[in-house]
Every structure is written in C-alpha cells, then in structure tokens.
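In the two assemblies presented below, chain A is common to both, partnered first by chain B and then by chain C.
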Partner chain A sequence: MYKHFTTDDQTLNKLRAQENITGISERLRGYGLVSHADNSYPAELLGVHPEMERTVTSLQNQLSEGAYLEPDDENGAVIGSGLAKKLGVKTGDELVFVTQAADGSIGNDLLMVRGIFRTGHSGHDNSLVLVSLPWLQRTMALPGQIHELTLAVDDPLQAAEYVPTVSALLPKGLETTDWGELLPEMREAIASFDVSRFIFVVILYFATGLGILNTIFMSVVERTQEFGVMMAVGLRPRQVNHLVLLESLFLGIIGAILGLILGLLISSYMSRVGIDLSTWITPVTYAGGTIQPRLKAIFETRNFIDPAILLLVVSLVAGFFPARRAAKLQPVEAIRED
Partner chain B sequence: MSLIALRNMTKIYPSGNQHITAVDELNLFIKAGEFAVLAGPSGSGKTTVLNIIGALDRPTEGAVAVDQCDYSEMSKKELADFRLRRIGFIFQSYNLIPVLTAAENAEFTLMLQGVPAEERRKRIEAIFAELGIDGLENRRPGDLSGGQQQRVAIARAIAPEPAVILADEPTANLDSHTAEDLLDLMRKLNREKGVTFLFSSHDQLVISHAQRVVHLRDGRLESDTRQDA
Partner chain C sequence: MLRTVFLLITGLILLPHPAWSADLRALIRKVEEQYMGLSSKSRMEMSIRSEHWQRTLVMDAWSLGRDHFLVRILEPPKEKDVATLKVDQEVWNYLPKVDRVIKVPPSMMGGAWMGSHITNDDLVKANKIDEEYNFRLLEEDDQHYLIECLPKPNAVVVWGKIVYEILRPSEVPGTVSYFDEEMVKVRDMVFDEVKKVDGRTIPLRMTIQPIDEPEERTIIRYSEIDFDINIDKNFFSLRNLKR
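Take a look at the complex of A and B:
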C-alpha cells in the first residue's frame, strides 16, 4: 500500500503517443471494510478516473444495474454483484468505507452506490468496488498518488515485447510487468490452447485435403472414358493433367467463395451475439481470468483470408495425384471403360 | 501412293503367361479417297488394326505409316498431335463429352488445333447443315437420339479435315434405318469431298456400303475385294 508514485502529463502524453498503446488508466488501490446497515464486509476499492478506466477495461459493459461512474461524481461507487448481495445494497444506497490511511489515521467516508456489475469473476464480483480516484486519494491520505498505471495494447499477446519501450518512458524506479508475468497460469493456458488449435487445424486441413482428393479422384475415375476420348482426338497428356488441376482449382475457388460467404455470416453473428450457454454453465474463474458461458468469435479478416488461401493450396495439392493418373491413361483402354 | 501402309504388321498382347497374337504379319495398303471396311468375326483383329492405324496403339513388329508418316518412334505428345491433325475417329458408342453441347463437341478438335472461335463457328455451322443436324447445336448429347449423336460424332471427326476417318463399328448401336442413313451420309462425304473412310464392322449393312472389303480372320488377311457401292 505504501509503494505509490505520481505521474505527470508529459509521461502520460508520451505513453499515449505510442502506436501500440490503446488505453491508459491511473489507479489507486485501497483495502478496508464497507458497511451498509448492519452488514460489513472486506472490500478492495479501486480508485480510477472513469474516462481513463473505460479505455483499459470493459466493466462499463457488464453492469447488471444502475450506471457507471461519471467523471464529476466525487463519491459514487460501482460495486460487484456478490458484494452488493451480501451487503444488501442496491443502486442509490449509501455505503460506509473504513480503512487505515497511509498516514496511520483511520480513513472513512460515505459512498453512494451508482451501479452494480456482474463480471462472472468471483473475486471481482464479491469484493471489488470502483470509486473515483480523487475520493480514494483523499480517504487514503495519498493526494496525487497512484499505485499503478494500467495500459491496454493493440495486441495483448505481444504485450511482453512492449515492456522495454514502456519502461523507458516511465520514471526510474518503477517496475513494468505484462499480464503474462502477473498471470502466468493464463499465459500457459493460452500457449497450450495455441498448440492444441494448431494440431486441430492440421487435422482439419488434412481431412479437407482427403475429402477433395476423394472428390477429384472419383471424378477422374468416373470420367475415364471421357478423358480417353479427349486423348484419342488429340488432347495431350500434359493438357489432361492441366485440365484436372484446373478443375480442382475451380472447385477450390467455388468452395472458398461459398466458405467465405458462410463464414462471414456465421462469424458476424458469433462476434455480435454468440451462443449463450448460461442456462447450463456458470462463469468459470481460471488463472486470474473469467471464462464467460457464451461462445463468441473475434471478427478478424485473417480468419477468412488465411483458410481461403489454404483451401486453394490444399485443392491444388489434392488434385495433383488424380491429375497424374488422368494424364497417364492409355486412350484405347480408357475408351473401353464403362 | 498409299495413304495407309501396313507392312508385316504384328500385334501381340501378353495375357498372363501366354501371348495372344491379335494381328499376324498383316500387309494392307489403303489409298486416299477409299471407302473401305475391315470385316471379320469378333477376335479377328479388326479393332486392333484400326487402333494401330489411329496411333492409339503401337505394333509389336512391322511398320505402319499414315499419310507417309511413320509414328512408331513418336512420343505420347507427338502421337496426340498426330491424331489431332491426321486422324478422325468415330466410335461405336458415339463417345461425345456429356457436359458440352453438340456444337462444342464438334469443335473440340478445332479448338485444340487453335482455330479461331469465329472460324470454328462458321465451319461447324456448315458441317451441321451438311449432316442434317442444324438446329441441334446447343443441345447436349443426352438430349439427342443415337443417330443424331453419331452425326455429331461424324461432325467432330470431319471438322479438322483429317487424312482419314476411322470408324469402329459406327452403326452397332443404331437401328437399321438410321444406320443406312448414316452410311449414305458418309458415302456422300467420301464421294463429294474425297474423305477417306476406314471402318471396322461385321455388320452386313456396312459391308454392303463399302467400296472395298478387307476380310480378316485370326489376325490375318483372308480376302481383299472391291465392289460397287
């Protein structure tokens, strides 16, 4: 609690000027008791500038009741649904916060509940209270001080690579850590997910390739007589080879176009709405993160273009063997095939 | 000068541990403009001879020349080019490409030869009119009768103006009336345009229409007669 620091506009502006930094929030943390009527529970208070906090978290989108903090709201509070239930408070109720301030005194003040959030993360829902930064600084006797500067970056998976750059922009003596260091289990979970996804994708493309191979091969077998006639009237073996490869490519192009359209529609729906599984599953808190009971997709161009290009490559590779077989046909024998 | 020359041509097929002699030291010479038939019972070797003349198969021994071109040493690509420029085929089962229209089937060989689209269209229009199938250009083989399909096959064979047209049992799948019409048509093309036809058939109707009848038996020449047709 006693390791705190100050920032200035110059530092904040330097950070904001970084291309890969998408959000900055100054935070002060305080721990103490919150009370309402006869109920008291320990809580973690997070003092923030609401307009800055919006750029690094999405708590404002997870309100189950009331409204988010407003910038000029000095003693407003947004609290977790679990804590609200235990305290028996609803929007508009008063809370009393008691804590030991930084100077050793007892800090206490009144808060007004403006909203209640439900994240699914049991730790947050049962103990977190979001309050105004100036209010918490005053209550904790830490004027102008903060405990952390939270940054959001464009690609969270690359966050570790941004650490040296960010560190160089901050005053000396401050420690810069990425989320992977703070939540190593989550980092491992994502890494293992990437591996399992890679294996899944390899199997998927292999199966797709076999499917295309089977389709083209059957097409060649069924049209053996046709190829025989074409070769008899003068089509060269290499032209037969190219013909089958072209058919395979066209099949891939048609498949890719249909897949793109279908994928676009499904991904669009999944990114906006998703599939709600909350009837069967409750949110799972794991490794410092929360897995929501809703299947959702991230809408990214790469998710369409990469599979489409790979499908075309797979189509061509899968068409290679049937094309070779067709080119090696003997016209006399092929014409006799039924 | 013979258009087709077979000299001591032998064709032997391996069959398990044995060898079957399909054609045995055959000597046969066909002149340009002839309307000839290779006749004989099944297994007499007539289709084998036709396939070898058509560069679809190679002789085991002997020499074969069509239009003064010996193709015994040609590569597969050269054989394909040879067939494209010098040979026209008419098959027993018509063997049109089902996904192409009648006109597209007929101009397939012209397209392979690189004939421009406009010229192809004009030539096919004229041939279709001559063969009595004008108006059927845009129909697919599945929508045509057997006789109409075989006329399209004839159109495909004569379109590139080959040195010889080889017809393997061309009337076998047709009723006698349609078969006679087709034979008359091919005879007309032979007389008026000088197209050389060589058939393989055991059908008396075909044999009766031929100007020259070459009888084969067990791969050997049994008789070679000329008749008024």
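Take a look at the complex of A and C:
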C-alpha cells in the first residue's frame, strides 16, 4: 500500500509513442471491506481511469449486468458477480467501502453499483471491484498516487523483450515485469502446450507421409509395364524419377487445397460458435488464466500456411522411394512383368 | 498389586490439581473483572505508531459486564463520531461520513480495530480468558504470579498459548504474552501506571507491542474512568451507536 508513485503526462506520452505498446492504464489498489445492508465482505478495489483501463483489459466485454464505468462518474463501481451475489447487490444499489487509509485514518465512502462483470476467474469475480481512480485516491488518502502502470503490447509472447525498452522510459526506482514473471505457471503452461503440439504434429505428419508413400508406391508397382514401355522408347531414369515425384507433389497440392478449404470452414465455425462444454464443466482458472467452458478457435494466417507447406514437403519426401524404384526399373524386365 | 498402586499414585501426581486450576481461574477472572467492573464509563487516549504514520485518538467508552461495549471517537475531527459497538460475539462499526452501520464479518475479525494493534477479535474474545482456557501456575513469588493459559481442546480461540502475569499484592495484570499456534510469541500486552480508582486498583495504561514489528505499538491510556454507573442493556443498541 505504501509503495506508490506519480506519473506525468511526459512519461505516459513517451510510453504511448512506442509502437509495440497498444494500451496503458494507471491503477491504484486498495483493500478493505465492502458492505451492503447487513452483508460485508473483504474486497480488492482497483482504481482506474475507465478510458485507459479499456485499453489493457476486456472487463467491459464481460459484463453480465449494467454498464461499464464512465470517465466522469466519480463514485461508480463495477463489481464481480460472485461478490455481488454474496452482498446481494444489483445495478443501481449502493455500497459502503471501509479501509484503513495510508495516513492511518479510517477511509470510508459510498459507491454506486453501475455494472457487474463475470470473467469466470473465481478470484476476480469474488473480490474485485473496479472504481474510479480519483475516488480511490481520495478514500485511501493517496492524492495523485498510483501503485502500478499496466501496459498492453501487440504481441504478448514477445512481452519479455519489450521490458528493457519500457524500463528505460520510466522514472528511476520503478520495476518492470512482464506477465511471464508475474505468472510463471502461465509461461510453463504455454511451453508445455507447444511441446505437446509438436509431438502431435510429428505423429500426424508421419502417418500422412506413410499414407502418401503407400499410395504412390502402389501406383508405381501397378504401372511397372507402362514405365518399361516409356523407358524403352527413350525416357531417361531421371525423368521417370521426376515424373513420380511430380505425381506425389500434385497429390500433396490437391490434398492441401482440399484440406485448406475444409480447415477454413471448420475454423470459421469454431471461431464463431465453438464447442460448448458448459454442460460438463464450469470455467476453470488455471495457471492464472481462465478456461471458458466454450472452446473457440482464433484465426491465425500462420496456422493455415505452415501446415500446407509442410504437407508439400512431406509428400515430396514420401515420393522419394517410389520414384527411386521407378527410375531403377530395367525396361526389358519391366515390360515382361505380369 | 504394588504396580497398580504405584501407577495410581503416579497418575494422581501427574494430573493437574483440579482445585488449584479452579483457583487460578477465579484469580484471573477477578483480575479481569476488576478492570471491567460491572459497568464503566471511561475516556481514553489511544496512540498508535506504525511504520508509516503515527496518530492519536481520543475516545469515550462504555461497558456493561463483559458482553456489552460501546466506544465513540472524539478526536481527531476527521473521524469524530466513528463508533464501535460490541454485543456478545458481534461487532458493528458506525461511519458518520456515509451515515451507515457496518457489521464486521467473521473473516475480518482478525483485522485491526481502528487501525491499532488490537484486532476486532480481541474486543470479542479478550475478556473470556477464564472461560476458554486451562491454567497452570508457572512461577509464584512475592512479586508476581506467572500463569500459563492453554486453550481448552474445543475452544474457538486464536491464540496457541497466553502467559499471564499477575502482580502481587495488588493483583493487577503485568505483562501478558500471546503466542500463536506454533508457540511463537506474537505480541506483549504490558499494563502499568497502577492507580486506585473508585476503590479499585487498576493499571491505567496498556501497551500492545507486536514482537515482529519492534518499531510499532499501540498505547491506550485511561484519562478518566468511572465504575458501576447507571447504565442498562438498552444503551448498547444500534440506534445509540449512530446517535
């Protein structure tokens, strides 16, 4: 509570000027008791400028009731659904917040519930209250002070690399941490997901390769006489080899096109509708993130291009052995083959 | 046969003497009641020093028996009329700025009361030592008794052990040490400035010293105290809390 600081427009503008930084929000935190009628519960208050907070979190999209904070709304509050239920409040109700302010006095004031959010993250839903920054600064007796600057960057996976740049722009004595340091479990979850996806892809492409190999091999064996005739009339072994490889590549191209069309259709369905698991599971909070019961896909160009190119490579590799075999055929023996 | 008798005797020696334990219980109860009286009205000054700030509150307090307690802040002006009411096991706070009464939930019972080193739980449980604990005499001499209080097996208490010092011959509390469940000393409560008021000998000053924060402490000092005043249960109402 006592580790607070002030920012100036100059610092904020310097941060805004960074092209990697897509959002920035000043925040003050306060812990205390929120109370409505006969119910009181401990809560964490997050004082923000709503228009700034919008750029770093998506709470405004997760409202189950009411509206988000407005910039000039001094005593509005947006409160977690679990906490709202425990307190028995709905939009338009009044809350009392009591805390021990930074000067030791008893800070207390009234809040009006403007909206209720449901993120599925039990920690947030059960204790978080979003309020206006000036209101919390006044109640906590910390005028002009904030506890943290929250930044959003364009590529979260690169966040760690932006840390030195951001750090250099901030006043001395402040510490910059990326989400990977704040949530090491999340970083590990992503790394383990990447490894398991890699193993899965290797198995999948190995099976695909075997399938192509089998198909081409059969077609080469069945056409032994034809290849014999072609070689007898002057086709060179290298040309035969290339012919089979080309067939294999065409197979790959056709497969990739069909696969892309099918994949695009399924992905667009998945990104719009998804798979609803809510009959079986409730939102799971895991490694600091929340898994919603509705599984959805996110469109990413890389996820279409990379597999298609990989498929072409695999089909060429799979065509290698049948092509070699075809090239090694002896015309006379091949023609006589039954 | 001999073995049975031997075992029986050993057993009797090892058993805490029941009458003795009861004496200690009565002694502690007497000391605590001396302090509270049947009813009382007092003015006290609470000065709190913490790592980041220091402040002094002046308060009026009323009590009836062990279960009724009302305190109202007079100074500083910012917190004037903030009040706390304790009835039995429950605590309410009144906040004049927003004109609301807030009941302290069970989860906040361990929280600081008015920013001091006293918790809400202390208000609720502090005066129940003689009911919730078993006693053993550690030391006895001309100057004091040292009594170890261990919670009864099914008592709902926050402390693992309390070592209660009673000064002789005045029979007032001296230093009371509180230990957590790992038997690590958490805080000392030191009573001093013993005076005779209304025929009772009581310490007028109480210092609460958290062990892990040697720079911090809360001192409560009675500037006026009257015992056995004319007051009844109706005084300790939510309506009167607001006034």
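What to note about this one:
As a convention for this text, the second predicted complex is superposed on the first by the 334 of 338 C-alpha atoms of A that agree within 3 Å, B and C clash if a C-alpha of one lies under 4 Å from a C-alpha of the other, contacts with A are read in each partner's own complex, and residues count from 1 in each chain.
Definition applied: a contact is a pair of C-beta atoms (placed from the backbone, for glycine too) under 8 Å apart; a residue touches a chain by one contact, two chains touch by 3 or more.
Remember, predicted model here, so these are calculated numbers, not experimental data.
Contact with chain C, but none with chain B, is seen for A:Q100 once the two complexes are overlaid on the shared chain. In the superposed pair of complexes, A:A232 makes contact with chain B only, with no contact to chain C.
Once the two complexes are laid over each other on the shared chain, residue contacts for A:V332 go to chain B alone; chain C is not touched. Once the two complexes are laid over each other on the shared chain, residue contacts for A:I291 go to neither chain B nor chain C.
In the superposition on chain A, contact is made by A:D38 with chain C only, not with chain B. In the complex of the two chains, the chain A residues touching chain B come out as 225-226, 229-239, 331-332, 335.
Considering their complex, residues 48, 50-55, 76, 78-79, 82, 93, 95, 97-98, 100, 102-105, 107-108, 112, 114-115 of chain C touch chain A. Considering their complex, residues 2, 33, 35, 38-42, 96, 98, 100, 102-106, 108-110 of chain A touch chain C. Considering their complex, residues 51, 54, 56-57, 76-77, 80-81, 83-85, 89, 91, 95, 97-98, 108-109, 112-113, 156 of chain B touch chain A.
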